[in-house]
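Consider the two complexes below, in which chain A is the common component and chain B and chain C are the respective partners.
Then we have the complex of A and B:
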């Protein structure tokens, strides 16, 4: 465990060294990521400003969901989302051998090596909207904060699970640049209050691929709307992550390499 | 190397098959391939068996696409064999991978472990953490390798500004940091100039002298001649030769290939042991020289007497010629020659 922490620390140092080498690129990427994802909550403000909105949800409540979503995305981008891109790339160009000859878990080293500070801007933007939203809703209790934390971590499990499944697919579906788009498309269901979806989609977003846990459930906990169903949803989140880990490990065995 | 050394690597019936898809060229074929693709089974490595003794240097020779890299990737545990068994230092590379790869080193000539934007020293630190190398051992190993390769200053510059030869030296340093017992080298001298090749070969010899076993794939006969004691030649996934370098020379004869650019056309060469293999144009020809009958310096002297030339290059025998010689020596037909 200590060795893995040391490896992670080295990877963070390497990313920092790389970011400092290409400073302008680093700052631009931070800003572009921030602008790209912050655009969505701004549309919500515009929609509510025009008198429309999601029934039963105030603008700050919706902003709370979307800011949690933005923070989850930022943490995923910084810490583990890179495995999807890295796997796609390494499988296509045959560089996976250089990872497989290392005496560490393949998933861990790919996640660690793709650690990226660039998501920090996005996280800061999400945290800013989160703060504005939280100041405009009734103050959550300690119990609600604890629920928020449990659901937020479970939501990260879901994002990691989706990322691992997509990465695993790239071992067979080599060089398919649409894989990240499928990932984003699935994940985007988590940006909205789940009550706006029909029941069939709710079952999908709650238990099949529990993307409701990414933002909706943590935000609902802070709004005092947490319930037993949400606690039950933690189990499919854990199962989803375990399935992603299993599938990735299985697919690594099928790696064929490329010509020498 | 100790002649009584025990086997450190044992490979039995190693086979790797995979499926690829055939696709014709041209627009019509491309459109067709969108809907229907013909599956083509490929046997990259076919029932190969061999052993390597502790402290040896083994050359895995073969033309492009022979299956050398696939074999070495299976030996490093990065590819799963279709069938057959591999045992390296008592490990099965596909089982208990993490413990196994901790004991080995690998340099793939066309891939890099170094991180492009940061100095090699920082990449070494990454491996220090990965292999759990202590601070003292790390300092000692880096200092030793850097001195050996004369790269003390280079390892502090960003990798992207280093030349290919300098990067290869750093790749070797990185692969040897954890003091592996067995090192796999896949085309370690590919693309390097003569001096860089010399440095790499010298390094391999010195590390071998300290007890490290090396298995290298190459299609450069010179690598094998200068380093290996035993040669395994693979052609189209099949092992065609497995013996000492001395016995390979007996099969091939001590021959060199000389390429000449003449100033004036000549009909024949009256030099014992020399024969014209090919005339590319009236002023360009390729000559084979049997060194047992005609040492190269004497050949040069006689050549200068018989013809005027503007350019000359002395090369090793091409790999396809070597393979043909081996098949001929065994009296068997060469497949798809």
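Then we have the complex of A and C:
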């Protein structure tokens, strides 16, 4: 465990050194991610500005959901999401063999190696909108903050699970650079109040692929709308992550090399 | 006259040959395109329910009713499949690696070659993205996706096809000046996503911004053909007849083509053939 922590620390140092070397590129990418991030909630502001809105949801409540979504995405981008791109690339160009012969767990080393500080711009944008939103809703209690934390971590499990499943798919669907689009479109259900979707979709987003846990549930907890169903949803999140890990490791075992 | 006709015929033969080869080449990766059969409808479902919820208890938002809004997003997705382009990425890669030199020596203008490739590639998009998604949107979601004026819509989509191509080609040419121009591409992608009306109809933006957008290339890439499809064009509170807005779109395309040519000539003077 300590050895793995040391490896992870080294990978963070390497990424920091890279970002320091290509400073301009790093800052540009951070700014672009920050701007892109600001635009997404801007749509919500424009919609509410036109006098429309989601029934039972104020603009700040919707912004809260979207800012939590952004922060989750940023953390995922910085810490583990890179495995999807790395696996896709390595499988396609045949470089996966070089990773497989390393005396560490393949999944771990790919996540560590793809650690990226660039998501920090995204996180900063999300955190700024989160702060604005939180200042415009009734102050959450300590218990609500604890619920938020539990749901937020469970949401990260879901993102990691989806990322690992997509990465696993790239072992068979070699070189398809559009796999992440599937990931993005599935996640898009999680950016809005779940009350806008019909029951059939809610079952899907709550229990099958618990996308609602990425942003809706943590935000609902802060708004005092947390309930027992949300606590029950933690279990599918854990199962989903375990399934992602299992599938990825299984595909690594099946991998025969040579690229595609 | 005979010579110019022969030259035109030759150009058309080249265009057809490059387009057919590109089509065959990308057919090997048709599953790339077929990802849209899943992604397109999923995004559409999300938009469908969001706007249905937003229209609860209202008949119109910013002058658009629910049916128009559903048509807007359906048409926007479908037209996007026909106009999609990555000429900028290709050109930047060729310049950076020095491979552009091989094109500079060929008896064919690289821009014409790239346009021909886009034709082949988007024909594949028509078969594996546009048609399946059109059927899904129309049959499964009952989205009203019949263009109000089919002739004007086809013309406007064709102009958008050219606009998107020339704008991306201009972006690609920035690589003659900058070693790494991927940042510029990303900024542009972000801006075009916002201001071409892909995420939200432009009528939701403040009036001053809507007025400014008339003079930018973005609305002519998606918003104009989509609104022509719906049969009503309004921007900045100004309602414009369909033939007039298509005429304005054609004018903007010509301006863009001229700018592209000026930039291409300047680029050729700068190009050293070494790469970076």
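One rule holds for everything that comes next: the second predicted complex is superposed on the first by the 258 of 260 C-alpha atoms of A that agree within 3 Å, B and C clash if a C-alpha of one lies under 4 Å from a C-alpha of the other, contacts with A are read in each partner's own complex, and residues count from 1 in each chain.
What we mean here is this: a contact is a pair of C-beta atoms (placed from the backbone, for glycine too) under 8 Å apart; a residue touches a chain by one contact, two chains touch by 3 or more.
From a predicted model like this one, the values you see are computed outputs, not experimental measurements.
Of the two partner chains, chain B is the only one that A:21 touches; chain C does not reach it. Judged by the touch definition given at the top, the superposed model places A:192 against chain C, while chain B stays out of reach.
By the touch criterion defined above, A:3 lies against chain B but remains apart from chain C after alignment on the C-alpha atoms of chain A. In the superposed pair of complexes, A:52 makes contact with chain C only, with no contact to chain B. If you check the complex, the residues on chain C that touch chain A are 29, 31-32, 35, 38-39, 42-43, 45-46, 49-50, 52-58, 61-62, 180, 183, 186-187, 190, 193-194, 199-200, 204-205.
Chain A contributes residues 3, 6-7, 9-11, 13-14, 17-18, 21-22, 94-98, 100-105, 109, 253, 255-257, 259-260 to its touches with chain B in the complex.
Partner chain A is touched in their complex by these residues of chain B: 18, 65, 68-70, 73, 76-80, 97-99, 101-102, 104, 106, 108, 110-113, 115, 117-118, 122, 125-126, 128-132, 158, 186-187, 217.
Considering their complex, residues 25, 28-29, 32, 35-36, 39, 43, 46-47, 49-55, 173, 175-179, 181-182, 184-186, 188-189, 192, 195-198, 201 of chain A touch chain C.
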